[in-house]
Amino acid sequence: MTLEVDKLSATLGPVRVLRDISLKVNDGEIVALLGRNGAGKTTTLRTIMGLVPATSGKIFLDGKDITKLPPHIRARTGIGYSPEDRKIFLQHSVIENIRIALWMSGQNESILDDVFDTFPVLREMKNRKGMYLSGGQQKMLSIARAMPLGKRLLLIDEPLEGLSPIMVRTLAERIKVIRSKRGVSILLAEANVFNALQVADRIYVIERGEIVFEGSSDEVRADENFMKKLMEV
Amino acid sequence: MNVPSLPRFPLVLGAVALILLLAAPFYTTSFNLTLAMKAMAFAGTSLAFNLLFGYTGLLSLGHAMFFGGGAYVTAYMVKRMGVQSLEILLPMSGIGAMILAALVGAVAVRYTKIHFLIITLGFSQMLYGLVLKFYTFTGGTDGLGPVSGLRFFGLPISLRDYSLYYFAIGVFLLITFLLWVIVRSHFGKALQAIKENTTRATYVGIPQIRYKYYAFVISGFFSGLAGTIWAIATVHVAPDSLYWILSADIIFITLLGGYAWFIGPILGSFIFVYLQNTFMSLTGYWMLPLGAIFIAILIFARGGVAMLVYKYILRARR
Amino acid sequence: MSAKDRRGFIKTVAAGVAGLAIGGIGGFLASSMNQQPTTTARTETRTVTLRETITQTVTGAASPRTTPTTPLKVGVINPLSGGGAPLGDPGAKGGLLAVELINQAGGILGRRIEVVGPIDTVGLPDRAVDAVTRLVQQEGCRIIIGEVTSAAGLAIADAADRLGFLWMPCEVWTPRVFETRRKFTFRLSWSDAAAGVGAALMALRIKPDVRTIATINQDYAHGRDNWESFRSTIQALKPDVRVVEELWFPLYGLTDATPFITRLMAARPDIVQSTIWGSDRFVFYRQAVPAGYFRTVLHLDTCLTGMDGHNRETWPDGLYAGSQYNRFYPPWDLWPINKEFNEAFIRRFGQPAFAEGAQSAANMFTNFLALKQAIEKAAATVGGWPEIDEVAQAMVGMRVIGPKGIITIREDHEFEGPQVWARTKYVSGVPYPIVDPNEVVTFPAELTVPPPGVAWREWVRNYKIRAIT
Amino acid sequence: MIDLSFATYYILGSLFFASLVFLISAGLNVIFGVLRIINLAHGSLYLLGSYVAYSLFIAFSSLDRILLSVTVPLLAGLIVGLVGIGLEYFMRTVYRLPIDYQLLFTFGLILIFADVMRMIWGVNPLTFGAVYFAYGTAPIGNLFFPLYNIFIIAVTLFVGLFLWYFLQRTRLGSVVRAVASEREMSSALGIDIKRVFIVTFLIGAFLGGLGGAVTVPVLPASPGADINILIIAFVAVVVGGLGSVKGAFVGALLLSALRTIILIVFPELELFSLYLFMVAVLLVRPYGLFGAKE
């Protein structure tokens, strides 16, 4: 089991955002965390990454307790993170953006080919500054940048949000490619159930900081009523 | 910082402090009265500063401009125009500083955070530069003085018979009272709304730029009044009352006292003036302990002295 | 007579007067050159030693008043931090040295002096007023000595009359201190007015045919007043002298002096007057020496105070400078007090007072000597330990012998003593410049200090060489 | 009349002053860029550099002056850099606090530094002229320009180039810039923020100390110099844009040119005009000439 989150709670200021969340990501699995805005998806990912301190509960990566580790150590143990608002380094070129992660992961340059094979469009503009990329390209860069560090687990926050249907399909396919090629587990946050179903093997539904549903994608697809309910999200 | 909802210092405490202040001539030297006057001057300007900082969320590093500006108006009118009537000097200082604030504020309030800080610093240093160099009007580094021979509605006012001291108390109480009223008014509440959440404040219909501007001008006016206390307390007004170091002192005073409370700056002023004076009288190396206290406040008493007192009272009640 | 004629007539008279005046000063200067190194007063008292000035007491009639057995508390204030510290710190040391020596010799009329302080004023008026008020009201001092900056000095002078304490500044140059009549303030150091006049006289001496003058100064009252005094005096004596350049340093933190140096050199004035002090002067000289400034321009400075902080790199060879005191002048062999003072200072503090600090130290030392003498004089008159206003009265007209030579305290409480102007040079074996003994001039006070009750601006504007009596 | 040689002299003088301002403001800006803290104590680091360099000059005064002029500033810069690392340790308490507390903290540091330096080095202006004179002068027309000033200009250019190379071309520089632009994301990418902060403070303090050291042969170290230099550097930083080294460079040049002109034309307005310029730039470009929008 790559990731195990056990009764995790977190607060933002005075507000308790996560209440005893438990979830699992198995080896090589793509799991989607589904919920509407403000449900706690982003906070969950950020807490796993260590950017938000956990008030209680535990996080295990490959069985190892990482709850108390600072973010950069977590990253180096094999978690790649691509945040919702991309957070790419605007003054750095595309390749510099990826290189920073590369250096920190302690791998050699060969992984760059891997990354650029996954996102060929980035190879074409590898010397362009981050600030001159389009939104979709920035999104791709953000995921590409997470790859070198994400040796065990990728946390991707709303990768498909706001993209055109074609882009959604392409990116969803890319994410699957990453999984199959590099054998990593992926936990992604998603607000749109259709997008989530395009990539995910399993789905958790989060509402007001609590997990309210857990099941495989096929189960969700089969249950039309439940789908409808989720679509209102 | 979030203010705990309960904190209202018992009124008794304020009354006792006021009585102590009023009775001071009976139990202490006039040196301590001078210090108290300086503290009251600082308190006046820090209260006015806190209207911008604590209530509106604007950090100004140029407040010395209004404080020193008011002091200079008083000193200039006494020295160069022969006006010695405090009933004229006081409002003129306030109005002078207010005009200055109206000019500076028209530009400054459009900025927030660090840019507001820099732009207020810039304006205050401009004024300082002018006062320093146009020495035929301002006396340059020599400053203007003595501010003496004062009268209040014809009555001679001096420190010898304590009338000057009581006049200063009067002005100080006036500033405190009026600012208190302003803070409690709808206008004051609107300012706090602006500080809490600027976009929401706009949403509920507060014209925030205009309100910030009003706050700025009001703050300037009261700082000018406090400047008059400074002028009559120190007798000699020098350009240092316009320098950015004094603006930094005002920030320190406010944080020392606790900006979340209305009376915080008052506490801060008295403590600051007495601390500084004690250190300076004890050693030539007075900056070291003062700096250490700056940092200690930051680390151990972030809510200021008011918070400490409040916590103490809470504990005592239990 | 028409208006035009009248103006012409006045011009002619003025020119005549000026001509006479220059002739007069020429004659005087020539005579002063001949009797080196001047001032009869000094030669007359050359045997007086420091110990004698400290131990000698004037004893009076049996006193109805008793001398208090408690020590005499004297407050010492000076800027010890900030830009004024290079003067304030050695000044305070000079004062402490005087107190120690006086106490060793038995105090004043057997009463020890207890120094309260030194208290830092940062050179700011409000801090200075706080300091003196505390000294008077909390510590019970009725005598306070020290302070350097004009701003603080003006405030203290006001406070002295208000609170009733005797005050002697370390060195406050502004003439404005005595624009109002002071009861308790005594200044035993020179003013900007006197320094400017001295510089003008020196300018005419070293370059009698001066046509163009210029200035480089710090941009505040001290620099401006000094320059005004210099310019007015020289133009009163030689109306055709033109000002070709006026340059003012930024007051805070001179960093790059090259533009100023360049402009001065471009203007090619006959004489440049200057009274820069502190770290700014180091910057200016440091950059002016290699620029060749001193080779093309005749520079007159009021910094002949202590030169052992300097060497060829910060002080050009052959610079003309003036002061009321120099660490080596009055000459140690002719005026042993100065030697002893300096030796005592080094013994006590390990090193001599640095640069201008020498003057501050000597001033503070002299202040205490004057205080002792005044108390003793007053005690002799009133018969017993005097009140503070009696001390103040005794001060007037007193002659004080100290490291600075002999000075007199005038009825308006201003110091009256000779000014030293000299050319400095380097001799082998001495790292710092020394006063060239062949080119020393001392101007008596009558020539340089505006007389009592006369506004200094008026006085320098109508400056005439007066007969020396 | 101002002929060509005078014009050259003025321009060199202006560049010299710009160099001083840049040396100070670069460090101020590096620290602000990464840590988002206005380090008022930067002037104190500058003065500390001056004092340390003075002591080093005296200690090694028997060595070759030209050699000293290069090695001593580096050494002094390093020492001040180490002090900077110590400062960073204390500074951690204010990273997450609002700007008013940060200002207060660094203001407190100014006071403490001023007194400690006064205790160690006293109040007299301290300067080591031998180095300055070892460089000699160069004739420009019938004037002489001190070559040490040129040396300082060269040092500044070198520092500027070094900073550019470090930030744009090295691994660590890239990481430092990453932390400057997205602090939190950087830590999620495995960057040890704390260590980057330490490096930043080392560099910032090193630059401040180097500035002080390289100028001590011209400008004496004395009490009060810390605040004087801070005020001018701050204007340059604001004009150029907080956090931008390029901005500090351009800001220093502009400021120096303006100051040179004002001092020639209307010296009374010197201080006034500097701040007028600053405010005017802010009115047109609130983030300075090269500052990034926050």
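Each chain gets a letter, A, B, C and D, in the order it is written, and its residues are counted from 1.
Here is the rule we use: a contact is a pair of C-beta atoms (placed from the backbone, for glycine too) under 8 Å apart; a residue touches a chain by one contact, two chains touch by 3 or more.
A quick note: this is a predicted structure, and the numbers were derived from the prediction, not measured.
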{"item": "Most distant chain from chain B by Cα centroid", "value": "A"}
{"item": "Chain B-chain D separation of Cα centroids, rounded to whole Å", "value": "33"}
{"item": "Rounded Å distance, chain A centre to chain D centre (Cα mean)", "value": "43"}
{"item": "Distance between chain centroids, defined by C-alpha means - chain A, chain B (Å)", "value": "52"}
{"item": "Whole-Å gap between the CA centroids of chain A and chain C", "value": "78"}
{"item": "Shared-contact residues (touching 2 or more other chains) in chain C", "value": "80-81, 219, 251"}
{"item": "Multi-chain contact sites of chain D, meaning residues that touch two or more partners", "value": "114-115, 118, 231, 267-268, 270-271"}
{"item": "Junction residues of chain B, two or more chains touched", "value": "132-133, 286-287"}
{"item": "Every chain pair in contact, whichever chains are involved", "value": "A-D, B-C, B-D, C-D"}
{"item": "Of all residues in chain B, those that touch chain C in their complex", "value": "29-32, 34-35, 38, 132-133, 135, 139-143, 145-146, 148, 159, 230, 234-238, 240-241, 277, 280-281, 284, 286-287"}
{"item": "Touch list for chain B against partner chain D, complex", "value": "53, 59, 61, 107, 111, 113-115, 117-119, 122-123, 125-126, 128-130, 132-134, 244-245, 248, 251-252, 255, 285-288, 290-295, 297-299, 302"}
{"item": "For the chain D and chain A complex, residues of the former touching the latter", "value": "171, 174-175, 177-178, 181-182, 184-193, 292"}
{"item": "Chain B-touching residues of chain C, taken from the complex the two chains share", "value": "80-81, 118-120, 124-127, 129-131, 133-134, 136-138, 149-151, 154-155, 158-159, 162, 174, 176, 219-222, 224, 251"}
{"item": "Partner chain D, residues of chain A touching it in the complex", "value": "49-51, 70-72, 75-76, 81, 83, 87-92, 96, 99-101, 103-105, 145, 149"}
